[in-house]
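Pasting the structures here.
In what follows, subunit A forms one complex with subunit B and a second complex with subunit C.
Take a look at the complex of A and B:
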C-alpha cells in the first residue's frame, strides 16, 4: 500500500555566492508515498523551496551544487537525468504550482493557450491527434476549467491572466499542474498570497482534485495551520535539515522535537488569554552561511545540553512512523 | 462621547479616482471617471490604552483607513477627532504639533527604513520635530533602543545589518520615540517568520502596558488580532460590517461575513478540518460595489431587502454593533 513515488536520500544542496557558501539542504531524507499529501513546513530560508526546485531539476545553475544525494522517482535517479530527459518528466509526470500565480503565468498568452500545452503533450503521449483543431484539446481544456471551478469556461479560455483575480489564477495554475495527471505535484506556498476565504476554496479544490487524479503532493508552507488542514504526513524543516517527521495527527498532538514544540506554542491560540505573553523562541533563524555546528537549533533550544553543539543528531524513528533529529531521550 | 475617547471617526469616506480610468466593462460599455470606494463611511472610536483590531481581506480598505486617520490621505468627507478636537482640516503647522502623538508601524521592515540612515538617526528623526536639544535626543534614542530589545553597540549600524525581526524592532523604537498616544500597526508581523512573530507581539504588549498607548491593530490574521485587541472591527469593501468586544465578536459573530471569515481561518488542528466553511465567490470590486448590503452577492441568507436597502451599523447588544438586516446569534 505504501509504495513510494519519490525518495530523496542524503540530499545536500549548496549555493556558491559572493557572500559565501550557503548550505541550503544538508543531507536530508524524505519519502513521499503514493496518493499521499506530504506537508513540508519551516520558516523562510530553511530550504523548503530548494528541495522542490531540486526535485524539478530547476536549481539555478551554476551557483547551485549538489555535493551528495539522490532523488529517486519511479526507480530512477532524477539527478542523473540530462536536461532533455528532465523535460520529459517536468510538467507532466511531476508538476509544480507556485505562490504567486501572476508571475507564473505568461501575460502574453491566453489562459486556454497555456493550459492546452500540457494537455497536448498528454494526448500526444496517448498517441492521439493533439492538434488544437481536433477539438479534443479544446474540449479537455474546457473540461479542466470546469473542474477547477471557473465560471463560464468557454469564454474564460480566451482571456488573459491579468483579467483574473488571484484566486482564479491559482485555479488556472492548479488546472495546468493536474491536467497531465502527474504522479507528483509540488505545491510551493500555493495559498500564501491569497485571502483566508479564498484559501479555504483553494485548499478544498487541491484536496478533491488530487484524490481524483491520484497524485501525490509535496505541500510546502510556512503556515502550520494550513498544513494541518491538508497533509497526511508532515516534515518540519529547520536550517536545511528535517528535524521531525510524522503523521499529521502525531505532529500536532504529540510533537517531540523542541523546535516543533516551540513553533506550535508560539502561535496565539483560540483559548489563550487575551494579551497574555506568548511563548517565544529566542534569537533568530541562523544565516545559512553560518549554520551552528551540531544540532542547528541548539543555540535557540530551551532543552539544550552539552552534546548538542558537538554532533548533528540523526533523524531516527522514535515510534512507528515518527522520526526526530534530536538526541534528547 | 465619553471623556476617555482618544480618537473618533465620523462618517469617514476616502475615494480615489481610478487613474486613467477609461475601459470597457464586462457588458461592453465604456466606463469613464470611475471612483474607487476604498473607505465608504466609517464611524469608529478608540479609547485610551486600548487596542482596536481591524480585520478584513485585501482590498477592504484597512490600510487606506489607517492612512486617512494619520491624514496622510485627506478624507473625501467625514470628520476626524483626536482627543475631542477636530483635526480633519488643520493646517500643516497645526498638524505637525499633533503628529508626534500619532505614529505608524508598517508591514515590511525592509522598505520602511531608509537604507542610508543609521539606526540611531532613524529613531532620532521624529524626535527632531519635538526638540532641538541634542543631548535629550541622544538619551531618548538609547532609551527606546534598549527598550525594544536592541543593544547600544548596534546604534551605528545600517538597516541591512539587521534581521527582519530586528528591523521591526527599530520601526517600533522609531514610533515610540516621541511617546505617542496612538500607534497604528499595519500588519506589523505579516512579513515575519513564525518564531519571530511571537517576540514582536510580546514586545508590543509590554510597550502598551508601560506607555499606556492605544493601538489600532490592522491585520488579515484574525488569530493575531484576537490575541492583541480589546475590540475588533470587521471591514468589508470599505465599510465596517461589525464591531464589538473581542470575546463577543469571536464567539458569537452577528454578521454572516464575520462568521464566515472566522470559520475560514485554518486551525492548527488536523481534527478540525471539517469546520472550515467556504464563502462562495470572490470579493466584488470597490470600483462598483454592490447595491444595498455589500455582502449580499456572497451571503447565504441574502433576500431582496439586502440588495435594495443598505443596513446601518446598529447596536444589538451593549457595545456590539452590526450592519445586517438578519443578524446571526441575535
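Take a look at the complex of A and C:
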C-alpha cells in the first residue's frame, strides 16, 4: 500500500488582473505517492508552474485567488497555513528547483555559503545548534557537492556562481533542494535551460539522488521525452485542467485522451522523418480569460462531437490507474 | 547587478579609475581631504605653520605670499592654517550626513520595498512628506530651531537627506524581489527578515554607495551654506562656509579672505562628484571592455 505524500483536491486558482480573470487552474486533482516521480506535462501557460507555486504557498498575492480546493501534505491542508508556518515547511519538507539555474543563485555569495544556508536551516529545525562555520556544516556541504557530482568540492565551495556553468549551477541547486532531505521536491522545468547532453546527466542525477533520500517529486516539463526518462506516472495538463493521468508506460503506449494522442503524434518518428510532414495540433492554446465552455480542448479536437461543448468532462478512471477527462469513448 | 568584491574585482576597478584624468583629480583631492582631516584630528594645531585662532592685527590683510600661502584675514590669522584646521569639521559633517542617511535609508527602503503592501505605502508617504519640502529650506528651519553648532548642522541636514536613500533602496528592493535567486531563497525556507538582510541589502548596496560618494560633496556644500548663514560652527572655530561669510565685507580690498575658502569648498565638492562618477563607471560592466 502506497501512502500519498501530497493530495491536491479540487484546486482552482484565478488571477485577477485589469484585463480580466485568468483561470489558471480549474478544479485540479493530483495525488503524489511516497517515493514516486510524478511528471506533469503541458504546453506553456497551461498552469503547470501555478500548481507548483500553489503547493509552495508562493502564488503572487494579492492578484492570485484560490476560490476552492485543498492541498493536503502529511494530512494537513497547506492552504490553511500562515506565512510563518509555510516558512517552516519550505526547504526542509518541500523544496523546489527552477528552470533558470543561472539566476537562482545570489551573485554575491560563494556556492558554499548558499548551500550551507539550507543545511543550517535543516539542522536548526532538527533541534541542533550549528554556528556558521562549524565543521559539521562544512562537512555536509562538501559531502553534498560530491553527491551531485561536482569535481573538487573543497575548492568549489569557495567559488562564486558566475564561475560555474549552467549545468554546474543546476547541480548546486539540486544539492540545495535535496540537502535537507525533503519529502517532496517540486522541479519546475529544471533541465529546459540546459543543452541535451547536460540534460541527460542532470536527469540521471536527480533520479538517483531522489531515490537515495526517498523523496517524492513533482517534475514539471513541456518535454515529453524528458518526462519519459524520469517519471513513474504522468499527468497531462491542458488549459488549467488535467486531461489524462496514467503510468508512464500507459501514457506512451496507450494514450486515450485526444490531446495526449495529438501531442504524441506530433513527435517526429524515426521511420517517417524523411517522408511525411510533422503532425501538428491545429489552433492554439485558449486565452485563459476565455476558456471554451465544456471540454476546453474541443475546438481543436479532431474527434469532437456535439456534447463536447456542453459539459466539462470529469476526470474518471478508465482502467486501473488510468484516468482521462473525456466523454468520447 | 551586484558586484562581488574580490581581489580581481578591485584590480579591475582600480584600472578603470586610473584611465581618466578627471577621476585621478577626484581621487587625489578626496584622498588629500581625508588624509588632512585625519592628520588634524591626530596632531591638532601642531600640523599647521601658524596658530589658526591667534589674532595679530599687525599681520591683518596680508595678500597670499610664501610667508602666508593663502594670505591672512582681517584679524591677521593665517588662512592656510585655518583652512587645514577646518577640514575635519567639514569631513565630519559630510560623512555623518551621508553615512547616517545611507544607513537609515537603505534599511528602511529595502524593508519597505521588499515587504510591500501597506507597510510600503506608509513608509513611502512618510518619505514623500520630507521630499516635498526643499532640503535646504528644511535644514535652515531645523537649524534655526536647534540653534547654532556643528552637530545641529548635521541633524538639520539629515531630516531632509535620508528620504532620497530610502527611495533608492526601495527601487532596488522592488526589482530584486522579483529576481529568481530571491524566489529560490524563499523556496529554501529562509525567513523573510533573513532574506532581506542577507540577500536584498548586499545586492542593493553598490548603486547606493556610488550615489553616496557623489553626495558627500553636496553634503559639505549644504553644511557650508548653513555655516555661511551663521548656523554652523561658531567663531573663533574655523569653518569654510563661515570663513567665506567673514571675508565678504572685504571682498574688494582683500579677495582672498572669502575666495580661497570658497575655492577649497568647491574643489572638495567637485572631487567627490568626480570620484562618484568614476566609481559608477567602474561598477558598470559596459565600461569594462
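The rule is simple: the second predicted complex is superposed on the first by the 325 of 329 C-alpha atoms of A that agree within 3 Å, B and C clash if a C-alpha of one lies under 4 Å from a C-alpha of the other, contacts with A are read in each partner's own complex, and residues count from 1 in each chain.
Keep this in mind: contacts are C-beta pairs under 8 Å (C-beta built on N, C-alpha and C of every residue); 3 or more make two chains touch, one makes a residue touch a chain.
Please read these numbers as outputs of a predicted model, since none were measured by experiment.
Within the superposed three-chain model, A:195 lies in touch with subunit B and out of touch with subunit C [touch as defined at top].
In the superposition on chain A, A:187 makes contact with neither subunit B nor subunit C. When both complexes are overlaid on chain A, the residue A:285 reaches subunit B alone and has no touch with subunit C. In the superposition on chain A, A:206 contacts neither subunit B nor subunit C. In the superposition on chain A, contact of A:249 is made with subunit B only, not with subunit C.
More residues of subunit A are touched by B (comparison of subunit B with subunit C). In the superposition on chain A, A:156 makes contact with neither subunit B nor subunit C. No residue of subunit A is contacted both by subunit B in one complex and by subunit C in the other.
Contact residues on subunit C toward subunit A in their complex (touch as defined above): 1-2, 4, 6, 117, 179-181, 183-192, 198-199, 202-203. Those residues of subunit B whose C-beta lies close enough to touch subunit A in the complex are 51, 57-58, 163, 165-166, 193-199, 201-202, 205-206, 220, 222-224, 226-230, 246-247, 260-261, 264-273, 276-279, 282-283.
On the side of subunit A, the complex with subunit B involves touching residues 43-44, 165, 167-168, 195-201, 203-204, 222-226, 228-229, 231, 248-249, 252, 262-264, 266-270, 272, 274-282, 284-285, 300.
The residues of subunit A lying in touch with subunit C in their complex are 56, 58, 62, 83, 87-92, 95-96, 98, 100, 103-109, 117-118, 121, 160, 162, 173, 176-177, 180.
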